[in-house]
Amino acid sequence: MAFPLHLDPDRLFPVDPATRDIARELYKSVADLPIISPHGHVDPQMVLDNQYFSDPAELFLTYDHYVFRLLNAAGVDLHDLGVGKAAPVDPRQAWRIFCRHWPLFDGTASGYWLTHEFVTLFGITEEPCEDNADALFDLINSRIHQDDFLPQRLLERFDIEVLATTDDPLDSLQAHHALAQVDGIHTRIIPTWRPDAYSNARKPQFVQAAAAMAASAGGEADDFAAFMRGLRASRERFIAAGAVSTDHGVSQPLAVELTDEEAGALYRRAVADGLQGADADAFEGAMLMRFAQMAVEDGLVMTVHPGVYRNHCSQAFADFGADTGHDIPVSTEYTRKMQPLLDKFGQEKDFHLVLFTIDETVYSRELAPLAGFYRSVYVGAPWWFIDEPDAIGRWRAAVTGTLGFSRTSGFIDDTRAYLSIPARHDMARRADAAFLARYVREGRLSEPAAMRAIHRLTDTQPRHVFKLG
Amino acid sequence: MAFPLHLDPDRLFPVDPATRDIARELYKSVADLPIISPHGHVDPQMVLDNQYFSDPAELFLTYDHYVFRLLNAAGVDLHDLGVGKAAPVDPRQAWRIFCRHWPLFDGTASGYWLTHEFVTLFGITEEPCEDNADALFDLINSRIHQDDFLPQRLLERFDIEVLATTDDPLDSLQAHHALAQVDGIHTRIIPTWRPDAYSNARKPQFVQAAAAMAASAGGEADDFAAFMRGLRASRERFIAAGAVSTDHGVSQPLAVELTDEEAGALYRRAVADGLQGADADAFEGAMLMRFAQMAVEDGLVMTVHPGVYRNHCSQAFADFGADTGHDIPVSTEYTRKMQPLLDKFGQEKDFHLVLFTIDETVYSRELAPLAGFYRSVYVGAPWWFIDEPDAIGRWRAAVTGTLGFSRTSGFIDDTRAYLSIPARHDMARRADAAFLARYVREGRLSEPAAMRAIHRLTDTQPRHVFKLG
Amino acid sequence: MAFPLHLDPDRLFPVDPATRDIARELYKSVADLPIISPHGHVDPQMVLDNQYFSDPAELFLTYDHYVFRLLNAAGVDLHDLGVGKAAPVDPRQAWRIFCRHWPLFDGTASGYWLTHEFVTLFGITEEPCEDNADALFDLINSRIHQDDFLPQRLLERFDIEVLATTDDPLDSLQAHHALAQVDGIHTRIIPTWRPDAYSNARKPQFVQAAAAMAASAGGEADDFAAFMRGLRASRERFIAAGAVSTDHGVSQPLAVELTDEEAGALYRRAVADGLQGADADAFEGAMLMRFAQMAVEDGLVMTVHPGVYRNHCSQAFADFGADTGHDIPVSTEYTRKMQPLLDKFGQEKDFHLVLFTIDETVYSRELAPLAGFYRSVYVGAPWWFIDEPDAIGRWRAAVTGTLGFSRTSGFIDDTRAYLSIPARHDMARRADAAFLARYVREGRLSEPAAMRAIHRLTDTQPRHVFKLG
């Protein structure tokens, strides 16, 4: 017999009854606010195409590395799930594998989000298991082929006011432009400028990317000035398409002060032979400084997502490609490495710099102290592996004593899993309500002040930090 | 309409009712004990002068970098608050800025302390806001010009038994000597020997400081033996004035074993040209070893406050000077770096070495294991950015399993904010009561043992660790 | 008057009544399951000899570095307790010292375990103190000289199904073979292969150990091939004696890819002169790679316990020897350092690699992400200084969002303190019940799923991870 699947209306609230009552009231006051998603990985072409989702396996498994990485750990062959570059598979077979392994997701963030989606979107009342796998497949499959499950319809149903995608600076943004012409889309779908391919010269693809960027401004590959002009021009193009921010997935949050001559010399070596080690670090750090300078000038919000060792498992990378579950965090340092950038731009009033981390040790030690002084700095909400209720609670507890509620970024869902967007934002609102309710009960915040705080955290803060007007 | 400002008599206690009852009882038993403040930054001259505080802005804003740093982050110009070297401002205007920004302090340690002060000292019942700013200014201003708000009267009202200041080794200690002659002061006001200026040869001021120290013992600037004699003599002078401890704000807790010849050679280079990099580290580490040796000999308690990148923002340093809110922590290592010192002196019975940190990662990993073995080592209470209720709870939870209640330092307020001293000590007592109450309810401590523990933590432990008799 | 000593039947359960009820039910369902102890330091010869324990001091103080290190910190001379190489002492005198210092253990893990043992095994109802020291000594002493306190009888009474010891690869395993012949022992007592002495070439003992290993395979000391053959053969011998795992107490979890020629060259230098610094790291890292290769081939589970600075206090080492309370953790890094090993073997289906840590910072940052992807990797339960209720709770909260309940190791007691084994396993079950109950009350896990999880964590997971069939 399958176990029940149930969505507790009081989920994530504190266990103490009086505190729970307060949390419930705080949550209620923001539960129905529209979703603001200023950073994520939804494919704008998918929204533009507005096709039915193919099948439950593709929808829930194939693109969600949170999900399939744990299946891999349990011994499932990712080829059997159709992950990454793998050949197509029978989605029903893949779905059966998933259902059989459902208990793997007990207690996980993925399990929490999937439960939310299964219950709210499909009315499922039983845990997936071997016995009900086919029935669930059929149920979901039939629902997602109804019109109210078309991507554009879901935007409205999910009440997504803003949806930012993540895009290459040389992307034509044609999907965004086309989306702007589609009738009936009330969501503001905006691109995000992510130039990692143009600043990380360790990667073999750098040479080609740099050449294309220089060419976009009429220069030869080794023309650093053209390369820089191309980058600036592409930002203007993004701004014209509605972009409000840039994103930087650097290995470390390192800023390096180099003259144009020094940076240009590194650049020319990079387009000739690539760079490694300290040279690659210096070039990436010099580019981060220049991106900050551009942000000061053109007003785009700068977000930094550092500290991940990408493609840790070379066999999985060869078999399935990037973003297939084996990016692993490393310890990260901001105080010293970001000092040159903060010293130069940190006090600029209209510069917004959101520092994310997957290294929880820096919350109270570095990020809160930095964001509690510098005008430009905001502490990014927990991200990736630590984007789950307990970790969100640890984060708030780590930074609030220093920062209060005015220097954090607002929640970002950072997801490719389209259906999980409401679950994730709902989780963040509940987690904040739980945190604030404890402060009220502990006499550290009046109820009106807690109400003010939850509105700020849910609504006004993300609008302010991401300059969403 | 302004929000209410209220001081919950059960603040900081656990939310569970039965646990809260225990916490309340534990707290009650220590709530009225006198304050022992073995480390802080009150200016003894201010106490000696015993003048009325100038105005609410100076009292609450101008010198409290916890407060004005968050105002800076919100875009307030620190010149408008009269911070640091800035020219004088109209205090009423500064106060209005602060009141308008009060919600910034929601949930912060500063907000908690200010609320305590506003309610208990001034009977304020509304949150500061734009509308009541002038009325609050007038209320506070009139109160602080009454005699019972004179600094010496507050010592008594706050029931401060011991108040340690922080002083330069070449300070004349004239204020301390004069205070010792003032009738009616029942507080033991004692200096603390802080020799950072004489061990950090990276700073331009080192040359002058070292020369003055050598001269104090009749030597030329480059006479290392005289420099050392001067340091020892100044300790004797501090001891005669009641000092019980020395404080060391080193960049890292690094101890280096150098012979007198080696240390002397570095010293001579330092007074000639300053030192940088590894040489500066070696000299500072060699001095830390010598300070420990002195402590073993003369009995002064040695406290170490490492791991801060000072003056992170050069513009703010230029505009407002040091200690203006942009000192930022860095990760800190003790196990390897302190080994030479602990290996040599760690087991000395009458040597007391209190290791503080702003890097929470070392609590369970390094500090608790060290203090749970070495006779000399005590884990310092949370300090600076992590001196707030949640962080204090994390600290106790991180070290107690290894250490129990016998190897922590007792609370230190470390503050320049005179009026906040009672609020801070009260917070520490409540946080400890909350922690112990949970242990009682979880069956890990009997109620009598919890009562024993809270008395130890509040009273006997700081007296023991700081040799306060 | 002595304080009461009481064992709360609800100890470690959450304080909220409704959550506590759930925890109690979860705990009940596993409370009586047999103990599986796949990693510890019980001496098999002690079990084989099956003699009465000598006296209370030897039983509780002399070998338990958790206990005597805190007494040392309090100023007790370890010579007076009979620790390490120290001369024998009057056990009653040692016991009196311990009783007098009992409040040191308030709130500590040791205090918790000792309380459990005193109450459940001896029916003690008062805290130890100066007044009752002799009476407690006599009570315990008389009980431990009754037959039901003989080590083999306790195995049954404690319901220990599996007990793994820790052994040198050249150990004859004679005690294990003899134990296998003893009638009436129902516990599976198995050796664990711990080759640190053969891979850490920094230690002076390495030369002799390596020579003996090479000789065991018929080679001269400098014959690397014979050394490797000897290691492989000793694993076979351990497997034949029931071993299921190997343990690696490396300084850092560093894996280095070296050819046999390169490793052999380092080995020959090591047996000639020892190795230091980067060479010693490289050799140790190359051996870790080879041990992983062997594990892939012969199926032994590989456990790694890194990150400890051994013998921090040279005087204590000289006086009392190793393992006498002054091993101190250091920060530890896995993502980069283990990458070569994981890249090569991490996806092997029958390779089990359990990564332990005493550095809590790596839970959410490195270990959970690694174990949530690689088939071979499991996150070890908290160990040593962090093997206590609050730390266990932090661990679960740090890894569960990423891992759920399928990628942790199951509890290990890692103890030399024979009588503490039940107390430690009981603690782990309670801590897990407390954690799961909170998830149930927070709507993150159904009660049936929580029941499934606690059975997995207590029983099936350690059997699976340690291949206990």
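Labels for the chains are A, B and C, by order of writing; each one numbers its residues from 1.
By our rule, contacts are C-beta pairs under 8 Å (C-beta built on N, C-alpha and C of every residue); 3 or more make two chains touch, one makes a residue touch a chain.
Predicted model, so just to flag it, every value in this text is computed and none were measured.
**Student:** Based on which chains are in contact, what kind of graph results: line, ring, star, complete or other?
**Tutor:** Shape of the chain contacts: complete, all pairs touching.
**Student:** Report same or different for the subunit B and subunit C interface, where same means the shared residue numbers exceed half of all residue numbers found there.
**Tutor:** The interface of subunit B with subunit C is built from mostly unshared positions.
**Student:** Return the distance between the CA-based centres of subunit B and subunit C, expressed in whole Å.
**Tutor:** Each chain reduced to its C-alpha mean, subunit B and subunit C end up 39 Å apart.
**Student:** Would you give the residues of subunit A that are in contact with at least 2 other chains, written as numbers and ranges?
**Tutor:** Only 16, 361 qualify.
**Student:** Note which residues of subunit A are touching subunit B in the complex, please.
**Tutor:** Its residues touching subunit B are 14, 16, 18-19, 333, 335-336, 339, 342-343, 346-347, 349, 361, 364-366, 368-375, 377, 397-398, 400-407, 438-439, 441-446, 448-449, 452-453.
**Student:** For the complex, which residues does subunit C have touching subunit B?
**Tutor:** 3-8, 10-13, 15-17, 69-70, 72-75, 103-109, 111-112, 127, 309, 312-316, 325-331, 358-361, 385-386, 388-391, 394
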